[in-house]
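The following pair of complexes shares a single chain, chain A, combined with chain B in the former and chain C in the latter.
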Partner chain A sequence: MRELNWREYITTRLIRACGYSAIIFVGLIFIFLLREGSPALVEIPLPSLFSSRWYPIEEYFGILPLISGSIVVTIGATLVSVPLGLSTAIFIAEIAPRWAKEILKPLVEVLAGLPSVMLGFLGILVVAPFIRTATNIPTGLTAFTGALILGMMAIPTIVSVAEDALDAVPRTYREAAHALGATEWQTIWRVTLPAARSGVLTAIMLGIGRAIGETMTVMMVTGNAPVLLTGLESLFRPVRTMTATIAAEMGEVATGSVHYHTLFLIGITLFLISLIVNMAAAGVVFRQRKRAERILS
Partner chain B sequence: MRRLRTASERNKLTQNIGFTGLRLAALITVVPIVLVVVYIFWQGSPAISWEFISGFPREGMRAGGILPAIVGTFWLTLGTGIIAVPLGIGAAIYLAEYAPDTNWTRAIRIAIINLAGIPSVVYGLFGLGLFVLFLQFGTSIVAGSLTLAIMTLPVIISTTEEALRAVPNSFRVVSISLGGSKWQTIRRVVIPQALPGILTGVILGLERAAGETAPILFTVAAFFLPRLPTSIFDATMALPYHLFVISTQVPGMPVQIQYGTAVVLLTFVLSMNTVAAVIRSRARARRQW
Partner chain C sequence: MVSSAEARQHSSLPQEIKNKIVIEELSVGYSDGTESLRDVSLAIPDHAITVLFGPAGGGKSTLLRTMNRLNDLADVISLSGHVWIDGVDILDPSVDVISLRRRVGIVFTQPVVLPMTIRQNLTYGLELAGERSRSRLEEAVEQSLRAAALWEEVSDRLDDPAIALSGGQQQRLCLARVLALEPEVILLDEPTSGLDPISTGKVEASLQELKEHYTFVLVPHSVQQAARTADYAAFILDGQLIEYAPGKQIFTNPQDQRTEDYVEGRFG
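Then we have the complex of A and B:
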């Protein structure tokens, strides 16, 4: 009996350590990004850091073009993925017959598992030439191409989170709406969706987070030109995102150089963006859960 | 009465239009997925031969096989699993069975959500900073596996926790009333019941890891290394990185070899996906609760 207690004690401790490891990892990631990235803030004066020229070989480290590249591609991807993802989620959760669900859900899961490098590869060989001939521009490797493929890649995140949210809406809500004479469509639009609002919002935010962070596809299909974007027409020009810059240049820099530190600084920026997006998404969920608990108790 | 009928007719019409839109959107989402898979297999299967799978690259990767990349991805996936599976399942058990409802537990959950959202290339930077440089593992299978493992953790934790929570509480109550300790209950009752769900999550997590490129760019991947790794401190080629290299970095690359590599990678990923789906549907059919 004594031995049993002893073993119980050890396993409990181990399991708790596993639980807390998540916090440790986030901390470690932040510490090591800071360690390698913060020197850049000292080495490069702030005005030149926020200038519009990224040309590391001649010591130009303006990160604005990279930020604008990320923003344009992400907005484009959001415009593709949010309507498609939400509609698919609503379809699966509310109106699809059983057989359609059985086909759709695994397929969306397959999409989530498709390696980004493979979609980038197809982007280069199939999508980019198609866009070039369709729009008659000099190269198909543009922000638009990236946004299109990235939009596809963000869909699984949106679908799975939004579908969970819709599923979680109690059936009584729908039954009440039907009893009042609402059509299926009115029920979805006026009852189910508003009730699942917070989950749907989370889904959108996580989808956006996914798009900002995507690396390989973007690096392969957006043409990699670090130029500051001006207007809508720059959607059809090559751009370069923050993620792609890190991935493309880190392999060639000397450890400890200014360029190296700057790439880590971009990494810190990305880390903080994802932190904010995810905290906001989590905040919505937690708040909602609390409210639900209050109502139910 | 007449007005009423037209109103309901109008509602019906709106509904039909709306439903058609939803169906269309679902179709637009799904069709490209099928197309991608079919197209890759159609273009790439002619390149698949025994020599392609079991041979070493020759002539600057423009001929020969991709064995080192296949073996590399295999070891990386295995390494990721060895690290992430115990850690992830442990964390999930803590959250589902032990964790009190405190701010610390909430902090763990927030940390997991954040881990899931950190861009893959940032994991690459972190792996470079901590494992490759600070701990001096060099660009190696260990460094890459550790990086991929931390990236995979949130997937494994969240799916495992869900599987554990799905086990009805009465199972636990019965076990404890028979004199089982908390850990005995978890190990002999809860985990066996949740096993299919846990396995599915683990496989899906490892599938992501196997297909990732950005985290291994600076931690493991060798551009061209025509031999097999002999220790865990060796660098290695890996399938996703190899596909990236031959589709962007090597001029005059035969398209067939590119598609062939894509087919092998896709097969790797899809077979894991299928195994996960089979486990899940079998478990669902056999479940007693």
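Then we have the complex of A and C:
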């Protein structure tokens, strides 16, 4: 009896320590980022920080081209992956016969685990040359190429999570809609999708999160030129994202230099952007849940 | 129509009553090997409540769901026989299932409100059927809610999510939703099994009031309910139709020993 109590005590303590350490690690990472990145705000005057020229060797530290590069590639990837991913999820969950479903679902999940370097290869060897010849531009390593490849990367994540959400919608909902004379498509669009809304939204956010944080692939296929986007035609020019900049330059920067601090500042910006995206998503889901709770009480 | 006349002879109903649905030698088997219905023949009259009762697992729900082809969604592997509604065999693959389901509505055991507002739950089916006129939709909302004895309780909050209603209200909303479509036949699969006695009473009263306009086929949740509501009653046991007669007769003077045992509560 006494021994049991003792074991119980140790186990709960251990689990609690694990839980707290996760919080502490996140906090430490953030503090480290702040400590290394914030000096840049003092060392570089704000106007030049938000200028459009990134050329650290000559002390030009404008981070706008990097931010715009990240945003454009991410939005492009979202535009590619969300419609395709959702349609695939709907196909697997609602339309495909059972045997096809049993093959497709694991296949998609294997795709989700594909190392990003391999997709980078695919981008450099297949997609980029194709885009170069198809649109007759000097290089195929462009923002568009990056968006395309990143979109393909995000699709499996979106499909897998969204399919789970659709699958969890009770069969009775579908029966009820069919009983009212809804066709297959009307049932999906007006009943099944709205019922699975929060899960589908999570899927999209995870997909976007994957795209915005991706480094290796974008380094390989976007051409890495830190140029501010000026219009639609710059979609077909090389860009450079925040992640690629950090990865490419961190190795050769002098610790404690202005350049070093600026790279960390970019890290903070990236951190904030994904925080905002995640909070926005959580906010939407939370609002819905609160609504549901209010309704159920 | 020869076959529907043949089917009529299987039942013990008087010939002069107009039969809305005639089921003829219907057999249904599921993919897990279970046979759900075996050679069921049954004629269901118009403007009355026909009750299908018997122990659980006997195939009552299957029979009900076959009447609006909702069983198409289940794992049915063998299906034979005919279901004639107004002389048309609805099991024929060429039948337009969508318009059939508009004519033959169903209310489920568990109230299934759609993830929309109360109003949208009622208008959804009509909009699918192509109704666009605002005023006619509004009219249908009020009429169907009144018919389902729900209007007083929800008229001031039609734009609230339907999930907010209590179980009893949800079930009456489901009934109203079916009524709004103005079907000819309404199938009810244990519609009151999750309801308190008061709500159950309200639903049963609505059915009695509405039956002159519709053909009701009800799977009751108890023998008592069957006896209360049945104009005609069919006793179904292990996928077979044992006895079919006017309600008064079957509950007071059953012809088959098994029916008698079940009605008097000796098994089931």
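Note that the second predicted complex is superposed on the first by the 282 of 297 C-alpha atoms of A that agree within 3 Å, B and C clash if a C-alpha of one lies under 4 Å from a C-alpha of the other, contacts with A are read in each partner's own complex, and residues count from 1 in each chain.
Assume a contact is a pair of C-beta atoms (placed from the backbone, for glycine too) under 8 Å apart; a residue touches a chain by one contact, two chains touch by 3 or more.
Model, not experiment: these values are computed from the prediction.
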Inset, instruction - Answer with first, second, both or neither: which of chain B and chain C does A:G113 touch in the superposed model? - result: first
Legend entry - When both partners are placed on the shared chain, which of chain B and chain C touches more of chain A: B
Inset, instruction - Identify the partner contact of A:Q186: answer first if only chain B is touched, second if only chain C is, both if each is, neither if none is. - result: both
Inset, instruction - Name the contact category of A:T255: first (chain B only), second (chain C only), both, or neither. - result: first
Inset, instruction - Tell me which partner A:Y20 touches in the superposition: chain B (first), chain C (second), both or neither. - result: first
Inset, instruction - Considering only touches as defined above, state whether A:I246 meets chain B (first), chain C (second), both or neither. - result: first
Inset, instruction - Tell me which partner A:A176 touches in the superposition: chain B (first), chain C (second), both or neither. - result: second
Inset, instruction - Could you say whether A:T133 touches chain B, chain C, both of them, or neither, answering first, second, both or neither? - result: neither
Inset, instruction - Indicate the residue numbers of chain A shared between its chain B interface and its chain C interface, in ascending order. - result: 183, 186
Inset, instruction - Provide the residue numbers of chain A that touch chain C in the complex, in ascending order. - result: 170-183, 186, 190-191, 194-195, 291-292, 295-296
Legend entry - chain B contact footprint on chain A (complex, rising order): 4, 7-8, 11-12, 14-23, 25-26, 28-29, 32-33, 35-36, 83-85, 87-88, 90-92, 95-96, 100, 103-104, 106-122, 124-126, 152, 155, 159, 183-186, 188-189, 206, 209-210, 212-216, 220, 243, 246-247, 250-251, 255, 263-264, 267, 270-271, 274-275, 277-279, 281-282, 286
Inset, instruction - Note which residues of chain C are touching chain A in the complex, please. - result: 68, 70, 73, 98-99, 101-102, 105-106, 108, 110, 112, 114-116, 124-125, 128-129, 161, 163-164, 174, 177-178, 181
Inset, instruction - Could you pull out which chain B residues touch chain A in their complex? - result: 11-12, 14-15, 18-19, 21-23, 25-26, 28-30, 32-34, 36-37, 39-40, 86-91, 93-95, 98-99, 104, 106-126, 128-130, 133-134, 150, 153-154, 157, 181-183, 204, 207-208, 210-214, 217-218, 240-241, 243-244, 247-248, 255, 258, 262, 265-266, 269-270, 272-273, 277
